[in-house]
Amino acid sequence: MSGSSFGKLFVVTGFGESHGPAIGGVVDGCPPGLELSAADLQVDLDRRKPGQSRHTTQRRESDTVEILSGIFEGRTTGTPIGLLIRNEDQRSKDYSEIADRYRPGHADYTYEQKFGVRDYRGGGRSSARETAVRVAAGAIAKKYLAERCGIRIRGHLSQLGAIRPVGFDWDQVERNPFFWPCAESVPQLESYMDDLRREGNSVGAAVTVVASGVPTGLGEPIFDRLDADIAHAMMSINAVKGVEIGDGFACVAQKGTEHRDEMTPDGFLSNHAGGILGGISSGQDVVVRIALKPTSSMRLPGRSIDRSGSSVEVVTTGRHDPCVGIRATPIAEAMLALVLMDHLLRQRGQNADAIAPIQSIPPRASSS
Amino acid sequence: MSGSSFGKLFVVTGFGESHGPAIGGVVDGCPPGLELSAADLQVDLDRRKPGQSRHTTQRRESDTVEILSGIFEGRTTGTPIGLLIRNEDQRSKDYSEIADRYRPGHADYTYEQKFGVRDYRGGGRSSARETAVRVAAGAIAKKYLAERCGIRIRGHLSQLGAIRPVGFDWDQVERNPFFWPCAESVPQLESYMDDLRREGNSVGAAVTVVASGVPTGLGEPIFDRLDADIAHAMMSINAVKGVEIGDGFACVAQKGTEHRDEMTPDGFLSNHAGGILGGISSGQDVVVRIALKPTSSMRLPGRSIDRSGSSVEVVTTGRHDPCVGIRATPIAEAMLALVLMDHLLRQRGQNADAIAPIQSIPPRASSS
Amino acid sequence: MSGSSFGKLFVVTGFGESHGPAIGGVVDGCPPGLELSAADLQVDLDRRKPGQSRHTTQRRESDTVEILSGIFEGRTTGTPIGLLIRNEDQRSKDYSEIADRYRPGHADYTYEQKFGVRDYRGGGRSSARETAVRVAAGAIAKKYLAERCGIRIRGHLSQLGAIRPVGFDWDQVERNPFFWPCAESVPQLESYMDDLRREGNSVGAAVTVVASGVPTGLGEPIFDRLDADIAHAMMSINAVKGVEIGDGFACVAQKGTEHRDEMTPDGFLSNHAGGILGGISSGQDVVVRIALKPTSSMRLPGRSIDRSGSSVEVVTTGRHDPCVGIRATPIAEAMLALVLMDHLLRQRGQNADAIAPIQSIPPRASSS
Amino acid sequence: MSGSSFGKLFVVTGFGESHGPAIGGVVDGCPPGLELSAADLQVDLDRRKPGQSRHTTQRRESDTVEILSGIFEGRTTGTPIGLLIRNEDQRSKDYSEIADRYRPGHADYTYEQKFGVRDYRGGGRSSARETAVRVAAGAIAKKYLAERCGIRIRGHLSQLGAIRPVGFDWDQVERNPFFWPCAESVPQLESYMDDLRREGNSVGAAVTVVASGVPTGLGEPIFDRLDADIAHAMMSINAVKGVEIGDGFACVAQKGTEHRDEMTPDGFLSNHAGGILGGISSGQDVVVRIALKPTSSMRLPGRSIDRSGSSVEVVTTGRHDPCVGIRATPIAEAMLALVLMDHLLRQRGQNADAIAPIQSIPPRASSS
């Protein structure tokens, strides 16, 4: 119910600023009996964490998570799971210069307009640091969905600036620092990012996430449709400015005969809908793509104002990601996992009595 | 908290199917003292209703709304407002043929997978008929926001198939059946739609909604950010497959220096962010664009299955919109109004104590 | 989430004032497939409605409910159920005298302090008229719980003023106008109420509700414990000033050895806990007792103030219940049904995986 | 929305078991600008903590709280506040004997029926250990309410077994280990408790909490009435079996003329209503009384069953409170503070526009 909580039956409530003592949260509603340890969460946290290549911020955080409750003899008890990640590498002096000024494109100005105050160090609560908690919580959901339901969630960077992959291979995604699905263009990305860093600029990106093995029937019309909750989840990620499902904005120029996914007893013939019809999962792959804006933390100066309303020039030094999209894949996967987990439990709660007339039909044969 | 409710302090709860006795809802949390009558709601309902041109479904509904509570001596009391719209023109026989089959691209299949049953007449609850309730509720929010806060919300069709406006004039929007902002291309649209109807096909569209005069500080980080709730609201509308804020997907290829909206004491210099930074309103125009897929109700046959799992061919007769985007503008406006209203009340509730260091700066000079 | 909604998965949202056009609501989250008609709801509405004996208010309302959605071919579809009850017998002139004054003990003063305005006719939204909607919604829950789960919910008046039953027989409850479980003392009650009406005074009452056949495991610790939600539900009923579970306030003076309900393989040996342990149902009868204050609508004058802050004397004429407890039994039953229904769905949603080590043990042999 | 969260705008989400690494929580929605430090919370934590006299459990916990976020330069930022309290004195061996058996009157049986598993050590999540988090969160609310609104919240033990105070003096409450408002009977209580401990039994208690200086207008009819939320909050505390407001169950035998609180321009003449009318605060003291059952952790053996369903005898050794009521006062105060804080923010959010016709009238002259 509050702005810091996400979900209705599987609920994540987070806290923590970039430069405070710690970040963390509570995951409430995880079903009992799931084998779970901090190591399970650490895998995805390690995929997300900063400083793992020259292309991301050089802030060093181990992002070591501690589970404080909700586990007994290695399994979840059904009671709330407390998560804690201590901040280790805060360099607050990096921020003393922007204590009184608003970095253009950042949330400094809007946070201070809203709250009257802000923790300026590292962006405070507006920093993407809190996404580590989402990833830890999402890892719990991912594990449950995979082990109990056979649902697989994986994402990849699908565009960096104007660069798109020339081929597609899921196996490549974990083999480069970008979550890029195409080995061939990795050198191009590296070279591009090196130039960007030298320039002191930043660039946008797009990330695609896919969930396969999703059962039919998830989504609560009309306001908590599955796609509506997915859009909510994705747009809540820092720097996201657009969300699309399936063919997304390409639908605008499509005819009905092109768009509709015909059905046969052997399965669907296409997946323009991205796995969701009428706000409810169809059993096909759920395909989501998000647009991330270029970050506003750049060495290149920008015009802004300070807390007295006077003109200033702002330069952001310190350690920042020139492209937040590079580390966004695990975050997007986590948010999709949280939405699917929540809806799985809601469908079980609301419609345990429902017996569909026929078994669900298979998705179309090949998945991207 | 349920799938049929939207909002936290200003809450709309709807009910009603396409062919049931009535649709309606409850609007809870409207502040007291607002002058309100059914006539105020009827204006937007009339903008949305079917059958007003040959380009939309020919179902005849007056969509006359009755206010059942929450008003006393012409003003809101702060207690819940009950809304009722009787269905008048149900032709259930139009649907008897699809009682046992799933129209491809529609929610027939997914509803039956979810609930085990479905009211097949007109799509039941999945029908866009329920959007009339959203428009009525949104009209209440719009009135309050306009009268008490000077917030103006207006939308327009921004793309029909591949056709985009060649000029832009807000005054044109209410003068043609499409909510199109450019008089010059209206004949092109009419001709296109006539061809489409003859063909028996459908097409997608994009709608843009803009809110101006929005105060700073709306949005509840991190999960109920203003953009996240807007995305949720828009994606919950039937046929929507994509939502973007400000430059949206165009951000992907932008550099940081291009994207960031610099600030001066006289105002912002651009609005790539679409009025939202860090999930909180900046005082600039909030600009949202949505993608609507081509509807699946077409006379052109499609392959599908029936309730026994056997192959069938499905043709949709009856009265349908060849392009749902044409009537979507009032719905998108209503959803944006609901989100802003809810967040206005939440900001008042959470941060009445906040005193920002400076007055907010003006938006950039010209608005689209 | 709003004040007009109750429940999380099975949600009731109500609207309507005493003298407006209608009262009604939306029931969201009813599982699909339940046989349901307006006649099912009318049974409990008829038990609650006014004017059925000389001992209650003489306002004549048929309380005829209309179901507007959510039903298809006689069964629930899983989509929201709209309910409407038109007000028929509003005598607004009865209230013109209190338009400007606050009846002591009523909500007139507090509503106007809260909202700045109030619909004074019949108490507006604060009137117990809205309880008809709760009873209609509760009837849906009762039916599902009875038919699908074997849960039986029934209540009775357990104290009127200082009068308690001398014997106990459930079969008597529906045979007198009081829901009194003892035929022998009915004449005493009638005589008492006749005197009260002549005097122009009112009296308090207590009502007990019992749910039997409740499965173990309902309740969501720690804040949404079953007893906490029951207390919330009951205290939300007009005129309720106290709620107790099981032995309730008698627990204060008990020793642990007296209070604890010992267990054997053949069942529990007592039920001091009232069916709830640690906030979760134990399989025993859930026993709840509520205290209702004497109403403040009396012919006997009382001192108060008016809207200008001056002293006035207030006399309430018109038609009122001298003891609201007399008609409270169906309302309390309805609220208990709503809580149990909501928790049943929540338990299904959260813990479908849970397999208890042993089957639940039976409740103690005899139930009151 | 989940069972582990309480509140809508001022939300507490807790986690933690009796014998896990830590307990803690997130407080979301605290307005910005409040001076706050861990020391502020420690005061109430110290009032609640175990082992401070021979009359309570001898478990030694410092209950030292750490604030992990939400504070900057000594003041709240409006962002979520993370709280952490490490468990120090877990003696898990004390519980190995009851790993397989259900202590009668405890939640062991119901937790295992619900979740299929339980952390048996110290009662796991069902332990009253988690109430420390409520007290820490409540301390934040108390501070805000006192400093910003002049609302004072204080409670006292009002009955221990059959013993009631013979006089009343608020100043005595903090001077004895019982929160007893009467110095004269303290020796009687001590003697009684010594006997109880020797006997190995336990006893019930009642606690009264009073909030003074409460503004009018708090409470959201009809379901989130102030008294309904208070009842919810209190009944969610371990061992509570009854809640009453104002005269509570004494109302049952009252006549209307006795019960109603008449009003004059100089104030109310009585406070039978306990400060709430129609579910909304009246400006009078809010008076709440709760009944706590005798705990089930006793050295005196009781009959029960084990996890295979066989008869066993259960004796609880280890360290326990013979009367949980003794430490309940700070917990009840905390819950009342949380409810009032939440409703204060909700009233601000919903009804900022409301202008009451007259200023509120004073409460009756003397408060208990």
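All chains are identified by letter, namely A, B, C and D, in their written order; residue positions are counted from 1 within each chain.
The rule we apply is simple: a residue touches a chain if its C-beta (ideal position, glycine included) is under 8 Å from a C-beta of that chain, and two chains touch if they have at least 3 such contacts.
This one's a predicted model, so the numbers in the text were calculated from it and none came from an experiment.
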| item | value |
| --- | --- |
| Chain whose average C-alpha position is farthest from chain C's own | A |
| Selected interface, B-D versus B-C, where C-beta contact pairs are more numerous | B-C |
| Centroid distance [mean C-alpha coordinates] between chain C and chain B, Å | 38 |
| Euclidean distance of C-alpha centroids - chain C vs chain D, Å | 26 |
| Centroid spacing, where centroids are CA-atom means, of chain B and chain D in whole angstrom | 45 |
| Per-residue multi-chain contacts in chain A, two or more chains | 1-5, 8-9, 14, 29, 32-33, 78-79, 114-117, 125, 221, 346, 351, 353-354 |
| Chain A to chain D touching residues, read off their complex | 1-5, 7-9, 11, 13-17, 20-26, 28-29, 32-33, 66-72, 75, 77-82, 84, 114-119, 124-125 |
| Of all residues in chain D, those that touch chain B in their complex | 1, 8-9, 29, 31-33, 78-79, 148, 221, 345-346, 348-354 |
| Residues of chain A touching chain B in the complex | 1-6, 8, 14, 102, 104-107, 109-117, 125-126, 130, 159, 161-162, 201-206, 216-225, 227-236, 238, 240-249, 251-265, 269, 272-274, 276-283, 291-296, 298, 300, 302-305, 307-311, 346-347, 351, 353-361 |
